[in-house]
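When the chains are written out, they are named A, B, C, D and E in that same order, and each has its own residue count from 1.
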């Protein structure tokens, strides 16, 4: 494997990251926001794995980072979804635009 | 060996023990006696606070992921104390809560996360601690289950924080990619000044800045503060912030030492931005919690000012300030919480004529606000001045001048509240509110802290000593 | 260009394509399915990198866990097939600009960064090594984060239960 | 030592009266009733001591001396300024101060005495006597001052006691206004005085009269060289200093154009006018110039010329106005101004030493004038006491009702008109003589003025005592003996004091001058005075419409004079229009709107700005994220491309 | 003599006020506390004379040093010289009088007296401090009580005025703080410790370029407290809205903190810069004097009249400092003392009149001399003192300033002096206008005739202040002897710097 491929991997992950970011910034459904975040986290995971495998194979920090990110992402998603469901109960909508009562 | 670990992790273990006790309690009885739970938790938290005096040794554990020394013990005790005060002043809200045990578990988990974060000497542990201190808190923010604002606040918190942690993670991944290590101690040497590391630094900085509400990463703050239950707001504004600042200073001075030239600029810019924006927004708030949120943003600006100084002086000033800030802000939030819980009134104008009916609470709120504003003889005066003194030590006079002048603006809005409390006439002021024993004690403790910390010089000297040592 | 590379580019194209679909389709249910595809694609990438363990976790946690959770929540809050409201123009433009700029910026940085030569060492990513590391307290051990995360999961679980549980009638008043 | 105590007691006794009556006068009934007696007694003692001191000085101590010298009785350093100069409180006895002591204490005693009857039954009787005491104390202190700053201190005290006494009837708005005017106008003059003091003191490096005079008259001394080389706007420091000091004197002595307060000051109780505005305080300016006379005469002729011109102009100017006034006290006030004008120009035309006839004449006139002018005022007081009016038209034919007053008033009128052998004749002759020798132009104007003087004085006299018949009947006669006694005493004095060989004792260098009355020279002034009296007889002795006809024929000139040449209006214009409207109001406006407005504006701008940016906090979590991402990008771009 | 008494007595009185009950007890505690303080102040004066006779060379007496924040070089260093003793005597007198005139305070009396005591604590602390950080601390301690006193017990637009005052004073403090940091960091480091200590900074000296940069901050910052033009606008509003005692404190003491700071901190520590900036100081203070006087002339409210006149009078203080001669500096301190007493007396008289007539408008008052002769006389006497009548303190202090100012032969300085002198005429105008129409003239309101004159506590207050004014006015040498050594020290620093 050549470093160029590492760069390519990084470009892939970066692209995915900002695709996720774009999603987060534009979608109006709270659940889709969450989905966009998952994409971003995944792209970071790719980064860790790629760095670990191609640059620092002597340790496995990157791999473990990925594992823990995945776990935490799960916890985060769970809590977020619970909150969204609760929000839905009170607002009867999960549109971002409807959940902006507090401002200024 | 085992005792070493026990002593090193005494705070974490203590919190974990509380969590498990609560868990089993919940399993045993579905409708526990809230007062008893609170007494237990408060007692144990007091113990945890006092643990500081219990063999505060220095150690490095678990694959160099967990470090302790006097400084971290100190910080953890401060946080325990903060948690204790939060828990005590929110007595009324907690007492009525149907899910008290769960609430405590969430808050304590968050506290535990902070402890891990403070003790982390490794980016992985840092990240886990950070998330652990945020995610349960987001859930706790939603604990006013019926209030629309509560869930909105929780939603904003969890989504913003996940977005921010994604960016933070990206920064961490770049650091890992360029250095190949996650250990703070190694990164110190490995990190070179390259565009990519600078970018990674900015990303990480933004992650921190998000947690401590630095402009422009602060926008969630006011909404979340306003919507969350008072204990959560107090917790967020004091404990989360303090914990992150503890780590932040460490990371900035230790990990990013090689990028000092770059981050100093960022810090200076954002310090100014935070002070100005925080002040401008605080000026126009009607809701007292939002008002405190924006004032807190301005306060963070001053913390950043101090960060510009020489390492030891800066850290000492910051830690000292945070200690004072903890008492001051909790005094203010304590009173606001008590009033909000008893009367549901949260607008500044509702406090008109407050002094006529509630002398004690008025003075507590006033002293808290004075301390936040930095008026002597409260400790806030010393805290804030030492921050700026530290900032000036490297010659950033333009920033110091701007920050000083902004103090005047901040004065305006603090005094506005004082004015409402003491001077404005009102036919129907907030009725007399009985705070209860725990809150009263906690508030008195805050006042004591506010008065003593400043006038008693050795308090600061002690912090300097600890910081100098580590 | 050898087969490995071709496969890589295919997987990459697949991930990005499904990713884009996931953030742009107007039907929320479809979006979740596109997300699912994208995550599977990432698992494929891990396979391609010979990291079977990570790939497995990816599939179990993300595909089996999170996406399912998301789909459940969609069912709880939406009627299937509902069109989502289109994003606001005022939001799309700056978002697109920011994302593209950030993308270009980051890629530019990455391309100009010298990561040094790839290590020739063979990367040992066996499940055994990971297992040992996971529960090791000494050098190269990750037991502390493991425990910490378990506490986090516990807390998250408790939080979810309280929040998501239907509030009883009398409490609602 | 005895001398010190005596000299100290002279001003201290009135001061004691002031403190006693001022502080306890209202609380103690005894003091309230007995205020007059107490005040008069203390004053009497003080007067006796003054007479004794003066006679000691002139007759006992000076025996065998060829010249009178200044004698500093005591000196105490009161306030030291950094560079060795200090204000000393001291008492200086020299011919002029000894003379002034007598004048002040004697007139004051007369007024005290007169007031016993005149002010009887007043509600604030004790306060009145307290103020009289304060005034007398200040005036005596002024006279005794050995230090130019000390004189300034008493100068101010005199001013304030004058203010208090003019405003004695404080519920009368006109009295309050007059008191204010008097104080403010003299205060303005004192501003000049103060700066003059500062200038002289700075260059002379002392405030002591003796030192100052010695240094500034010695043309070789470094101080003199410094002050005469320093210049501002082309005028030397010395001239500035002297002129500014003279400005102070002109203010107190009501010289044109600072005279406007004097006529109004007649709002005060009449005895007060007699004391302050006729005999003592108003001549303080003359006294001041006389004090510094060596410096004027030996070092700065230009300043002295100014004194002369202002003096003669004021004399003429006031005399013209006096001819047209109908308020008897105002006539007297303008006459006072005119007479002080005489004193001033006499100083102005005088030389030093053997040339110093003018100096002696001036002070001689001061001396005599004090007696007959206070007599006139007290007489006027007695008249007003009777008719309850100041206006001539309410009077007439009073000679039968009040014979003593009539007689004394006539004596005084003759004296002021310069008819021999009354006191005024001698002093005026001496002045005219001095003017004739040194400055013929001034002499002729003075001559003309003396005719006017005779005219307006007798206009006054006839209007009061003759003219129409009296419709008054005396309720309480001429008044008590305490009122009559001063009139008689002063009348006698007005006749006699002219015979004192004044210049022998009082002269510019202390050496004494021989008095010579040149009968030939006296012909012109006396005949002119008689001419003036004749005119008055013709116009005013009997009621007629001749005065109106004359006024008509004079036309505009009469109107202008009657309206005091509109000087008051000019002042009013300057103060109201310029100071109030053009400076005061804008200052207040600027303060409110510009300076304070700036702060309010900055507050408003801040609030507005805060309102403008509130949209940042839009409440939408995605918007927050955009700012978040934008912040990161902006910072990184900044770090990488801008602030490299 | 232990100077800590000046901290503890006010503190104890404040605590005593808090624990006592009822108006009578509270005011007695406050009165006794302040009276003891006054006695102690006089005792200090006595002890100072004794100590001075024993050792005339010391710069400061009764020095004590306590570590406070040693790592930052902040000490609690106290000590006095003649100048500070004069200011402390002033404070003691005004505090006693302030307590006395507030005897009939009805609402929230406990808080009122507590804050008064706190205010006096701030003032004393400021004057005894020899550490500029401590000075700053005490300076600010005094700000909030002012805000509360005006805002709670004031009249008219009290809240706005209170806010304005607090904000402008805080603005001044902010500038001072910047100046302090500059002084702190640019003073050469000795033995690895920086210092805030006044005397050691003076000894070490501050480099010229730092002086040039930071002098304006310190001077303007303190200047705000003492109504430096154009930072004076808090004065009229603040003074006129404040309750009587607070007005007395504000004008009598608080404004003097600024003047003292300008002298002790700004000018003393940065003499070279003071010389450079002297023309500016003189220009601004001359403007303040003239402009304040003219603005006063247009006022119709008695308190505004006195407040604006304070602007004008405090201009003299700054003028005296700006002229940088020994005499003028001595005069500036004298003027501080004198103006403090005089203006306190003035406000006391106005307050007494207001509490009876319920109006302060010149146009509505009139003829009060008839119904309340004591109060009216006090008013007139205060007015006469204000316009610089000999025999009262105002005269000697102004004259000292003028003489000092005139010693500077620069023509522009002279013109400034002449203009300032001219203001005394304007002063006469407005004082007489005020006195003429409010206490003299006809009684404008018939219900005035039934009003009573001053009662014992008010009389005592007036006598306390008046005796100070008269003693200084008659025997100014007492004061100049006290001030002279201190002025010499400052001048010594100035002249050394000329070399």
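Just so we're on the same page, a contact is a pair of C-beta atoms (placed from the backbone, for glycine too) under 8 Å apart; a residue touches a chain by one contact, two chains touch by 3 or more.
Being a predicted model, the structure only gives us computed values, none of them experimental.
A.B. asks: Which chains lie in contact with each of chain A and chain B?
C.D. replies: Of all the chains present, those in contact with both chain A and chain B are C, D.
A.B. asks: Of every pair of chains, which is linked by the largest number of C-beta contacts?
C.D. replies: A-C
A.B. asks: By Cα centroids, which chain is closest to the centre of the whole protein?
C.D. replies: Ranked by how close its C-alpha centre lies to the overall one, first comes E.
A.B. asks: Which chain's centre, taken as the mean of its Cα atoms, is farthest from the centre of chain E?
C.D. replies: C
A.B. asks: State the chain with the largest centre-to-centre distance from chain A, centres being mean CA positions.
C.D. replies: When every chain centre is compared against chain A, the largest gap points to D.
A.B. asks: Taking each chain's centre as the mean of its CA atoms, how far is chain A from chain C in angstrom?
C.D. replies: 5
A.B. asks: Would you mind pulling out the distance in Å between where the CA atoms of chain C average out and where those of chain D do?
C.D. replies: Distance between chain centres, rounded to whole Å: 101 Å.
A.B. asks: Between chain A and chain D, what's the gap in Å when you average each chain's C-alpha atoms?
C.D. replies: That pair's centroid distance is 96 Å.
A.B. asks: Report the inter-chain centroid distance for chain B and chain C in whole angstrom, where each centroid is the mean of the CA atoms.
C.D. replies: 31
A.B. asks: So which stretches of chain C touch two or more other chains?
C.D. replies: Residues 91, 94-95, 98-99, 102, 105-106, 110, 115, 140, 142, 145, 149, 152, 156, 159-160, 163.
A.B. asks: Send over the residues of chain B in touch with two or more other chains.
C.D. replies: As it turns out, chain B has residues touching two or more other chains at 124, 128, 131, 135-136, 138-139, 142, 145-146, 154-156, 159, 163, 177, 195, 199, 222-223, 284, 412.
A.B. asks: Taking each residue of chain E in turn, which ones touch at least two of the other chains?
C.D. replies: Within chain E, no residue touches at least two other chains.
A.B. asks: Please list each pair of chains that are touching.
C.D. replies: A-B, A-C, A-D, B-C, B-D, B-E, C-D, D-E
A.B. asks: For the complex, give me every residue of chain D touching chain E.
C.D. replies: Residues of chain D touching chain E: 26, 77-83, 85, 87, 149, 152-154, 156-157, 160, 163, 167, 170-171, 173, 176-177, 179-180, 183-184, 187-188, 191, 194-195, 198-199, 201-202, 230, 232, 579-580, 583-585, 587-588, 590-591, 595-596, 598-599.
A.B. asks: List the residues on chain C that touch chain B in their complex, please.
C.D. replies: 105-106, 109-110, 112-113, 115, 136-145, 148-149, 151-152, 154-156, 158-163, 167, 171-172
A.B. asks: Please name which positions on chain A make contact with chain B in the complex.
C.D. replies: It comes out as residues 10, 17, 20-21, 24, 30, 33-34, 37, 40-41, 43-44, 47-48, 51-52, 55-56, 59, 61-62, 64-65, 68-69, 72, 75-76, 79-80, 82-84, 86-87, 89-91, 99-104.
A.B. asks: Quick one: which bits of chain A touch chain D in the complex? Just the residue numbers, please.
C.D. replies: Those in contact with chain D are residues 21, 24-26, 33, 96-97, 99-104.
A.B. asks: Going by the contact rule set out above, which residues of chain E touch chain B in the complex?
C.D. replies: For this pair, the touching residues of chain E are 67-72, 74, 137-138, 140-141, 143-144, 147-148, 151-152, 158-159, 162-163, 166-167, 170-171, 174-175, 177-178, 181-182, 184-185, 213, 217.
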